[in-house]
Each structure stands twice: as structure tokens, then as C-alpha cells.
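Some structures to go through are shown next.
Heads up, the next two complexes both have chain A, just with different partners, chain B and then chain C.
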Partner chain A sequence: MASISLRSLVRPSLPVAPRIQPIIIAAFSTTSLVSAAAPPAIKNRKDLPKKTKKTYKKKQNIVPVKKPAPGERKAFRKRIQLSNNSALPVAGLDALEAQTMARAESSGRMFAVPDEVVDQLRALEAFKSTQTWNLFRKPHVLVRKETVELMGRLEASLEKKEAFKCYQCQDLTNGNTEYSPVPDTEPMQFTQPVYCLKLLQNIYKANRAVLEKTPLKQDWSRLSATLKPGSTLADLALSAKESEFAWPTLSALWTELTQPGQPPVLLTLDGLAHINKVSAYRDPAFNPVHAHELLLVRTFVDALSGKTKLPNGGAVIAATSQNNTHFHPSQELALSQLEAGQAGKPVPKPDPYERKYDDRVYDALKNSTVMRLEGVSKEEARVLMEYWGASGMLRSVLDSRVVAEKWALGGHGIVGEMERASLITMRM
Partner chain B sequence: MATMATGLRHAKCAGSIAAAQWRTAVLPRSTFSLAIRSITSDSQKTTPPNLEVEVAASVPIPYQGVTHARVVPATPSYFSREPQFNDLYIGISKLLTKYNHLPTVPPSEAPQMPWTKLEEMRAQMGEPIKASHYAKVMRVAKRLNLIEPSLRPQEVKVALTEFTRDINPFLNMPNPITIDKFGRAVGVGKRKESTARAFVVEGTGEILVNGKTLSEAFGRVHDRESAVWALTATQRLDKYNVWALVEGGGTTGQAEAITLAVAKALVAHEPALKTALRRAGCITRDPRTVERKKHGHVKARKMPAWVKR
Partner chain C sequence: MASRVNIWGACRSLALRPRPARIAAQSFRSQISSTRFYADDATNKPSSPPSGNSSASGSISESRPGNANARLTNELAQDASAGARPSDALDDAALEQILYGGRPVTSQREGGLTEAQEEALYREGVIPPPEEAEAVLARSEAAAESQSIVSIETDVQKAGHKFGLPQKPYPEGFHVKKRYHPVLEQITRLLMRHGELSVAQRNMATVMNYLRTAPAPIYSPKFPLLPGTPPASHLPLNPVLYITIAIDSVAPLLKVRNIAGAGGGGRALELPVPLAVRQRRRMAFQWILDVINKKPSKGSGRNQFAHRIAEEIIAVVEGRSSVWEKRKLVHKLGTAARANVGSNKLKAKKKK
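Let's turn to the complex of A and B:
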């Protein structure tokens, strides 16, 4: 009752009588509407009913398949699989320790890579998708004679290696990563902000334990407000959240690492020829940019040539190979001269008719030491193949003839080719 | 052979044939006075009996010392279809009868002879020799060839030359591969368009192809395996070093040319491996090459597409 009384008080906003609209009611008929409807009138030939061709093909049952998301296929292709549960675990092999590789007696033996080292190496992108880590239960490495020699040299230069930087330099110069000019530089220099940010994060991931323990020596508060005087290198590495600040932060980190009293540094680079060429980048005047004008490359090259001193000890290692490379006359000349000098042979002279010599490259390389890497020896190949056999990958009888055959088929002991000849084209 | 037997028949029973064929001798009339009418009618005998004897002596008696009524052919094969060939057969048949007792060697040890082919013999003699006759003759010739070579009579040797070609292809042997003072044996091998030279020395199993290792020279593992197949099949891969030069053709051809070259050089080092290598297929050169293009075809066999006018 109350509602009625209330409604009577409220003035209706739309005074519409409920029965004023016409109510449509179908007329009474026993035939349906459809049959009652007249066929469309035929006015010309087009309106004549058309013969339709009968199709006897069954419609395919289309099952909705989820297409892979963008980048998923590439991620699958580039994924790095470091273990395989189908492979047999290999017992009786020692784990790698800090001093193992430097010991002479560990030459020509297989070692298991500890899990934490695997994580570090993975962060540094040291594993490649082309390598056959996915055939074995756990990553193991063969310590070669050359490894022992190299590690011996590293030992001589530093007490304990602490920090890594690892470059894949093909990506730096083939124009696939962003670059931006550094203002007020002549000739113009460039940074690669996205690559630098990724590198910083990788450095942090791989060397977190060391970076967190090392305090900053200088005041870097202008880079980030979070950097207090007592902050550590880890804070510095983490302070770059955006790619614009990546290069200043990276250069700050490098400056810190070259201060006396900081941990020694190991700089490594694969694909030396790629950082010695003229890069695929162009400056605003559309002139090609020499790779040494890229600041990240410049940092490495200065360290390699000895222009930047490493007061805490450390090593700079650059690698080149016959694959994925190009001929660079200056690099070839420098390396051949260094090699001849080390072997005590007559030093080759530069070719007077060669026009493509590059003095910057020659100067960068002339103070280094060259170590030529060949395939593994037959004894090492045997150790490696015994490991394959123990993993259940090699089924044939393993004797000196088989070792010699695979060694020859693998181009005198190139491990990847030996794997191709014996594991990948497996004939069971 | 029936023809030949027929041919030889009259040789066998020459007497009877001669007798049968002998035409009855008709003495010609004497030409003297018996037939001449004399002018004188008186029948006085002017010629004394001794004169008759004289006349008879002066007239030559025909066919004295003649045994045959007509020219007998020099060879009994004269009336056969293939007289020269028949003669050959008669000759070596006689030789076989004569020397049947001589010791023989097994066919594998008999000296290899470049026997004349049927076509060649037909052309040489200009006679329509039957293949079956030829086969029979050759059987006799080959039987004669089985006679122990040191005891073989000269006439057999001479007779057999009739059945051999002038050029002996079996003497056309390749020069034997020698091992030089550095211990190298050089073998040459070919396949398709490729030619390879392989220098094989005793060593530790290092292989260089055009100065490159196997993996640099051949991208396919299959090709690498073919290149060293001669060594792998004989289990000698770790005993020799190979330094190969190869040119022409594609990768497969080059790899298989190296196989042949290495096998030949390996045989120079170890001749006993030849059968093993032959079984592995490393001795015989693969004669297959690209089929030539024909006119009217797009390639060797491919025909142009059918076009409606």
C-alpha cells in the first residue's frame, strides 16, 4: 500500500498511457507464413533459378590449431638444452674445480661441469644451440692440452678470476641491434643501448656473488639516486632499468673494474674478424661506420691492445675461426706476424700491393699473443669417444681403428665434425 | 660338319672314287697307213714287221703316269662352302690327333690368347662361316692352347696364330705403380668428370685433399666416407697417410675418384689387398657418365611439352 501511495505522489516522468500503442497480433491463418510468401518475381534472365553444380567432395573437418605465437618458433630453434634423461649418466668423472684446468695432469681428461658454473655460463650465452649438449645427461668438458696451456697463462696473470664479460660480436656489427650517436664526438661514436642493457643484466646474472661483495670506489649518484657511497657493483649494474642509461652504467662499471683494488677481469670475445670490419651501421651523413667507432667494441679493443690497463690483473681473449668469418688483410698480417715471431720464424712482410690494410686493426692486435687451435689429438679423441660410449651414444666397438677413422672423418679431430660423423648420422 | 665330312669324303676313299669316275679309255685310232688307202692295188706288204714296232714306239701312249682323269683340287675342301676355314679345321684337327698325348694345364693357367672373333674371321676369309662351326673349331684351338707351354711344338704355335688377332690387347698392361724413394705410391682414379691423384705413404691416418682436411674438402659426411672407403674397407685407415689432388666434377665425383686413386696406390703398397678392394668396389672404374643430349629433346630423354598448334 505504501508503494502505491508513494507512486501516486511521484509525477511520472514519461506520461504514457499503457494501452495507447497498437498491439500487433498475427492474423488468423492455418498456413504458415513461409508457404504463403510469393516467389520473387522474375523480371529478366538473371532471376531464373540457376543450376548449381553438385559437389561430392566432403568438407574437410577443420580442426582449429593454435598457431605458435610470434617468436615461439625461433625460441624453439634457438633453445639450449643441456641435459637428456635418455642418455646414460657417466660415473667416475671428476667435477671441474677452480684449479682443475690449470693442472697438467688433467690434460686429456673429461670433467663434469658443476651446476652453478653451468648457470653462469648459460647466463653468458657460452652454450650454443649448434652444440650437441642435448645428447648427454650432463654437460661435461674435455680438458685439452691447449686448455691447460691457456689456463696456465691466465693463472700467471691473476690469482683468481672473478668477473666475466662475454661478447658475441657478430651481433654488434651486423646492424641488428639499435644504436644511437654519442653527442659531441668527432668522428661520431655510437652506443648500442639495448645490447648494453642485456649485457649488463647478463654480467649481473653471471657474476652476482662477486659483484655483491665489491663496494663502489667512486660516487655514481649522478647515474641513479639509489647509488649511495656504500653501494656495491651489483647495485650499479642493477641501477640501469632503461636502455638509455645502459651505456653510462656499463661504462661506469668498466671504470670501477679498472680501479686498483677491484677483482681481476676476464674479457672474452668470439668472432674477432667481425669487430675489425666496417660495420653495417651508418652515421647521419650516411657514411659507413667503422666498428671501432662503436663504444662497446672500442672498450674491448682498447683492453685488447693494452691501451686500457688492467691494474688488478686479468685477461682479454679474442677468438676467431675459419667458419663464420671473412678475410681481413690487417688481421691476417698481424696474426701471422705474431705467430711467426713466437715460433722464431722469419716475420712476414706486408703486401705492398694490398690496399685494404687497416692500421687501427693492426695496432689493436699487434701487442697480443696468438695461440693456434687445431683439432683434438687422437688420445683426446679416444677419451671423448669413450665418454660417448659411456653415455650410450656410441654403440660400435671402440678401438684404435675406429678412433682413427672418426678422427680423420672429423677433419683431424674437430669435435663438432667428429660428432657429425659418429653420433648424428648414427647407424644402429 | 656334315658339309665338311662330305668335303672330306673323296679324300678318304680317293681310289674308289677315282675308279668310279674313271672314263673308259678309248684308244684313238692310229693315224698311220692302216686307215689310208694305198694307191697300189697289190697287197704287197711294203712295211716289214719291224717297222710296225718302230711306229708303235714313235707314237706316244697317252695318260702314262696319270692316275686321275681330271685335275684334282689342291685341297680336299675345294668343293666345300668354306674351303679356307675347312682347311684350318683339318689342319688343327690333325695337330690335335698328333699331339693329343702331350700334358695339359688347367684353363686358368693357359696363356691368354686374343682369339679372333667370328665376325672378324668371316671378314678375313670372306667366307660365310657358321657360328656353330666356328665354335667347334675354336674348341679344338682352345684345347691345343691347353698344352703345357714349355712342351708346345712349334707347329702348334704357328697354327694357333691363325686363330688369334694381330694385336694382343692382353699385352696392353698399365705400367705398374712403383713406390718411390720417399715411400710414396701415386694412384690415379676417375669418376664422372673428376680426376684424382692420391699420394699414399705409410703413416698415422692423416688425410689431406687439395691441402684441406676431409671436413673442409667435403661437406657431406657420406662423401668423406667414400673418399677413405678404400682404407676403411681394408682396415688400413690408421696405417697410411694420404695426400690427394682432385679436380673437375662435383663433390660426389671427386670423392669417388679419390676412392679409386687411393685403392690403386694401396695395391702398390700391398698387392694382396687387391681382391679385398675389388670386393669393396674400389678397383673397377664406374663407366657411367652424363648421357648426351639428343636433338628434338630438351635433355637426354626429356621431351618438350606438348603444345596445341
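Let's turn to the complex of A and C:
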């Protein structure tokens, strides 16, 4: 009985299919001792096993250096310096005033940019790190013939200036900033909350004086509890503390500015071709998003096309260039037609074989005025180079031959290229 | 006896009287040659009369007294040799003072360097007084003019060119290979990596712009710069001068050449050899590059190399750089090895 119970505890020997079991032909074996290579015979002292030389790893004296935080070095590289105390101050140049740039006699002259304007422009990120502001004592600008022409057009509506600035529009459409869909829109529209928040802060920094004086016309208490009926535009701009509320606040600010009785508005944008293309963003169905479906871009485009009226006056200026751009057939067509119309020449017809025309872009641009900018003229180049010489940055003799040479080397008066040819070079 | 000695002593002084006239002749000759040779004095002053003259005068004075006392002639010979090689008469302390120390930090004058002085600095590595620099420049211009006249005449004779030959002196930037400043040209080639000359030129331009935007350096009295250096406020706006001052100030005056087997007992003989201007600049800039290559970059981007160079140049001018130590070492070694200059073993080695 006990043996049966013990046997029940033993693992049962079930019959197993013979082919699963490994087929053992021979028993375990090793190679014979004879076939292994014999160790070398020791004949003299040289054959004795040597001690391997120990290599002590050299201790590197590691100096505890505080490493820069992520992004700190790039920020240092991209920093914008607007003064150079080694440069000579240039005497005899007037400061830029409200009406200076519109006057015909100030064409072709250098003007000092006042400090408060410098602060405003810095807040709007108007200075670039690739420009040579860091060589001169103080920012100065050359007023060109075209500047006077443009400012003459703006003069009527520019009493108190308000500036929006979308710096480098490619940032808006190349997918580098966050985006979020607006619910219940067809086709789906998108906002760019982080960019909007930054833009709001920049607008506040640059236009603080005007915004603090302008009261709100509508009730925006649904956006923030701090907005009372008597509060100003500055309060509205400051009410957005987080990026979720940035776009509603920005659109509220825009609505306020387009109410009658508010100050005139100047909207500027660089890189027009970038906001006319199909952006790098995708909708939830993974279809590409047209840049005009981005609400920030659409606000600008509506203002540019005249869809949004500016009852207080103002201007919308968009700039494009031959560099950092791409070919957009509708934009090219619209601009060439406008230019021909302004010059009284025959208006070019659309190409019947072109498939990539975009009516939205054409409609946005067709009501505008085109102004073509070339490089500076030789006279203006001379004024500019005289300023460089007076600052002590141009050491060579300045005569008409040198001016013509640098003007030609700089692509017929492109200022950045002229700087490269005469300031940022080994021959100075 | 003693009175006789005194008389002959007076004779000796008489015999030496024509010296000033000779010195004038010497200075005239030295003015003609604008280049400065190794053996010339660093200050470009008329060099002391050559040993041949003084030894001749010595022999004359020796022959006159006939069999005069040996002590006197001995003295005389010493005098003559002292006149021949002033460096032998200097003790170590004085030589050290000359080589690295005790020099005036800056020039006493208020303004910067004249154009002629700058030219002389770039050409010869020393800053002469303005009048002398002007004179040298005027002479070189005159020489160039006379050359150009000759060339024009020959042009007239060989009138076979379709468009004629360009007239000398050529305008600035005329010669494609002499487009850049000579000092910059040399340095740029030294900092070139992988044979990328245009990158090196861009780096050089970045260095100069860094120096132009940096605040003026603060001179250190411990490490005196080239004598006659302009005030610090003049340097940032003239980056070429800035770089030249920095490099010429730390440049070694000599190097120690080891002559194998000449030292006796299988040792090498250490022989100090003077360096020419370009050699000195090369050595100084190599030292600077050595320091730079060991330094970590502070920022990011492609301008870091240039920024490190510029920072080191500022450090040299302000006396913070370790390059000064290297210069001191080389000069110390040279001072110690100067006894080997006229060594017999060297001659024996040459004979073999």
C-alpha cells in the first residue's frame, strides 16, 4: 500500500514519441592528450614565462569645470550686440525723429537710432546676429530713396505707431513651433500657442506706452477675471500667462485694435513666400495643412488682402526676397501683374500649363501695391562707407574707385555683401 | 716712469680722436642699407667701430713706445676687445635686463605710431623713432622711383607690348599674391589646417573683428612689450598692429641649436643662433597655437577657433599668457649657452 503511494509521487513515465528524443550515437568523449599541441620546451631563462608589464593608467587631472546649461552656448552665439566701445563715435549725424524718414531731404543720409527705438526694435527682434551692429558705437541707419517713398505713403496714418511683428515667417510654417487644432472648424484650423504667447509678450514690450493708454472697448472678462471694463490693452496683453490662452487673447487684442477709435496699426512680415506654401504641419488625418489654415497667418493674410478693414488707418507690409525663399507661381504671377500694372506695361497672363497656381494666395495678394527694392545706389554706398570710415572700421583710403569696387563686389550695393567685402575681411 | 705712462696714455687718447669722423662715416653707411643684420645693434644706432680699426690703433700705439711695459699693452688689448664686442663686457644681470626686462612699456609720446614707424615694425620687427623711420622710408621710396625710371626707359626701348607694361610702383592690391598684409599673410598660413586657405583667411578676419570689438588691453608692467608700443587705446582700431605687437613682443630673439657630438664626450653642443624677423614671428605664433590647441572652447559654432586665438593674443598683450614663460626659457638657455659661440670644438667639427 505504502509502495503504491510512493510510486504515485514519482513522475509518471509517459510514452514519448521516439523522434523527439535526441539520437545519441556515441557517448561523451574528449580529444586525446596526444593530439593537443605540447607547450614549448623550456631551454633557458628566456623561455620562462615573463611577467606582463603592468600599465598603470595615467591619472588625468580632471579640472571641475562647470559645463554650460543646454542652449546656453547657442544663446551666447546668437546674442545681439549693438555697441562697440572701441569704435569711434561719429559726430554730426542727426537722430532719427518721427518725421525724419518721410522728408525728401533726408534721403541718402545716415541717422542715429534713438535709444528707446533701439529697445523697441530689439523687443521685436528686428536686429539679426548676422548683421554687423556689433562693430559700431551706436546703431545708425541709412535712409534710402525707397525708405522716403515708403514712409511718405505711411505718413498719413502714422501718428502713434503700433507694431506687430512676425519675425522670420518660416518659423510659422516649417513645423518648428507647436500647433493645436481649433475644435469645430471645417476645414480644420490651427493655432500656434507658444509662438502666439511669445508674440504677445513682444508686442507688449515694444508698444507698452501706447497699450497702457488705450482702454478696452469690449468686455473680455470671459478670458480673464482681471479684465474689468476700465482696463487697458496692456492688461489684456498681459492677461495671457499660459500658452493655452495665448491665441484667444491675441485675437481679442486684434479685435480691439480693429475697433474704431483705436490707434493705427502697422503689421509687418518678412518671408512672404513661406506663408503662402503648404505648411509642414499635418491634420489628424495626416493631410498637409495649407499655411492659410494657421490662424495667425490667416489674420495677417486677411489684413493684407483687405478682408479685415483697418478703420483707424494703418499699414500691412509683407516682404519677400530672392534669398531664403521658394518659387511660388501664384505669388510670382500676382506680384508681376501688380508691378506691370503700376508701371503701365502690358499685364502678364497666367500660364495655362501651370498646375500649381493657388487661388487663395492670388486673392490675398491681388489688392496690394508692389515696391521693388534693389541694392543701394553708389551715392548711398559712399555715405555708408564714409560712416564706416568715421567709425574707424574702414582703414583704407575712401575714393570713388574704392566705393565702386566695394559696390560691385557687394552685388551692386547689397549692404550685407558690401560689409562682407570691406568690414569682415582680412583686407581692411 | 709713471709720468711717461701718463704721457702715453694721453697719446692713446689723441690717437683715438679721429673716431667721431669714422663714426659719422659708419652711420652714413648704415643709413644706406635699410636692412638690419644679425650683428647690428637692436636700436639701429651706429654700431661701435669694428675691431679691425681699434686693434690697428692699438698696434700703432703699441709700436710707438717700442718695448713699453706689458701691463699697458695688455690693458689696451682689453680695451680694444671691449670695443669690438660690447656683449662680452656685459655681465649676466645686464644681459638679462636687455633680453627680458627693464624695457619701457610704452613710448613716451602721446599719439600712436606714424605710418613710417608701422612700416618699419612690419618689416623689421622693431619700432624705430619716427624721424629715423621717415628717413628709411624716404630712401626706399627714392630707390623705387629710380628703379621705375629705369624701367620706363627700357619700356620705351622695347616697345613691343600691345597694352604696355604696368607702371611701377604698382597700386595697392595690384599683385594678386601680395594682396594681404605681409604679417597677416604669414600668420594665416600658419593657422591653416588641412590646406584650407580660405577658411584660415576667414578665421583671421574673425580674429581681427574680435580684437576690434574687444575692450582695449591693460598692459602689464611685468611683461614689457616691444619698446615704443603705442598706448593701449590705439590697438583695437588697428588689429594688424595689435597682432604684430603681440607676436613681436613674445617672439624669441634666438634659438639654441644642438650640434651633435660637438660638446665633447658624445654630448651635443648647444649653440645660440639669432633668428630673423620671419623666423621669430613663426616661432611665437606656433607657441600661441600650441596654447590654443590645448584650450577648450567656451562657446559653440565655427568661430570658436578664431575666438580662442584672439583671446590668446589679448592675453599675450596683457601679460597673462603662458607663452611669455616659453620665451623666458629659451632666452635663459641661450644666455647659458653663449659661451659656446666661439668654441674650438665647433671649428674642429667643421674641419671634419
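Everything that follows uses one rule, which is that the second predicted complex is superposed on the first by the 355 of 428 C-alpha atoms of A that agree within 3 Å, B and C clash if a C-alpha of one lies under 4 Å from a C-alpha of the other, contacts with A are read in each partner's own complex, and residues count from 1 in each chain.
We adopt the following convention: a residue touches a chain if its C-beta (ideal position, glycine included) is under 8 Å from a C-beta of that chain, and two chains touch if they have at least 3 such contacts.
Quick caveat: nothing in here was measured; it's all calculated off a predicted structure.
**Q** Which chain, chain B or chain C, is in touch with more residues of chain A?
**A** Ranking chain B and chain C by residues of chain A touched puts C first.
**Q** Just to be sure I read the superposition right, which of the two partners does A:A252 touch: chain B = first, chain C = second, or both, or neither?
**A** neither
**Q** Taking the superposition on A as described, I'd like to know which of chain B and chain C A:A126 touches: first, second, both or neither.
**A** Neither partner.
**Q** After the superposition on A, what does A:A421 contact: first (chain B), second (chain C), both or neither?
**A** A:A421 contacts chain B only, not chain C.
**Q** Examine A:V289 and indicate which partner it touches, taking first as chain B and second as chain C; both and neither are also allowed.
**A** A:V289: touches no partner chain.
**Q** Touching A:H412 in the superposition: chain B (first), chain C (second), both, neither?
**A** In the superposition, A:H412 contacts chain B only.
**Q** Would you check which partner chain A:M393 touches, where first means chain B only, second means chain C only, and both and neither mean what they say?
**A** Second partner only.
**Q** Of the two partner chains, chain B (first) and chain C (second), which one does A:L233 touch, if any: first, second, both, or neither?
**A** A:L233 sits against neither chain B nor chain C.
**Q** Following superposition on chain A, which residues of chain A contact chain B and also contact chain C?
**A** 425
**Q** Which residues of chain A touch chain C in the complex?
**A** Those in contact with chain C are residues 65, 73-74, 76-77, 81, 84-88, 134-135, 392-393, 395-396, 423-428.
**Q** Where on chain A does chain B make contact in their complex?
**A** 322, 375, 378, 400-401, 404-405, 407-412, 414, 417, 420-421, 425
**Q** Give every residue of chain B touching chain A within the complex, in rising order.
**A** 204-207, 213-216, 221, 224-225, 228, 232, 235, 237-238
**Q** Across the complex, what residues on chain C touch chain A?
**A** Listed in rising order, the residues of chain C that touch chain A are 172-173, 179-181, 184, 188, 201, 204-206, 208-209, 212-216, 236-239, 296, 298-301, 303.
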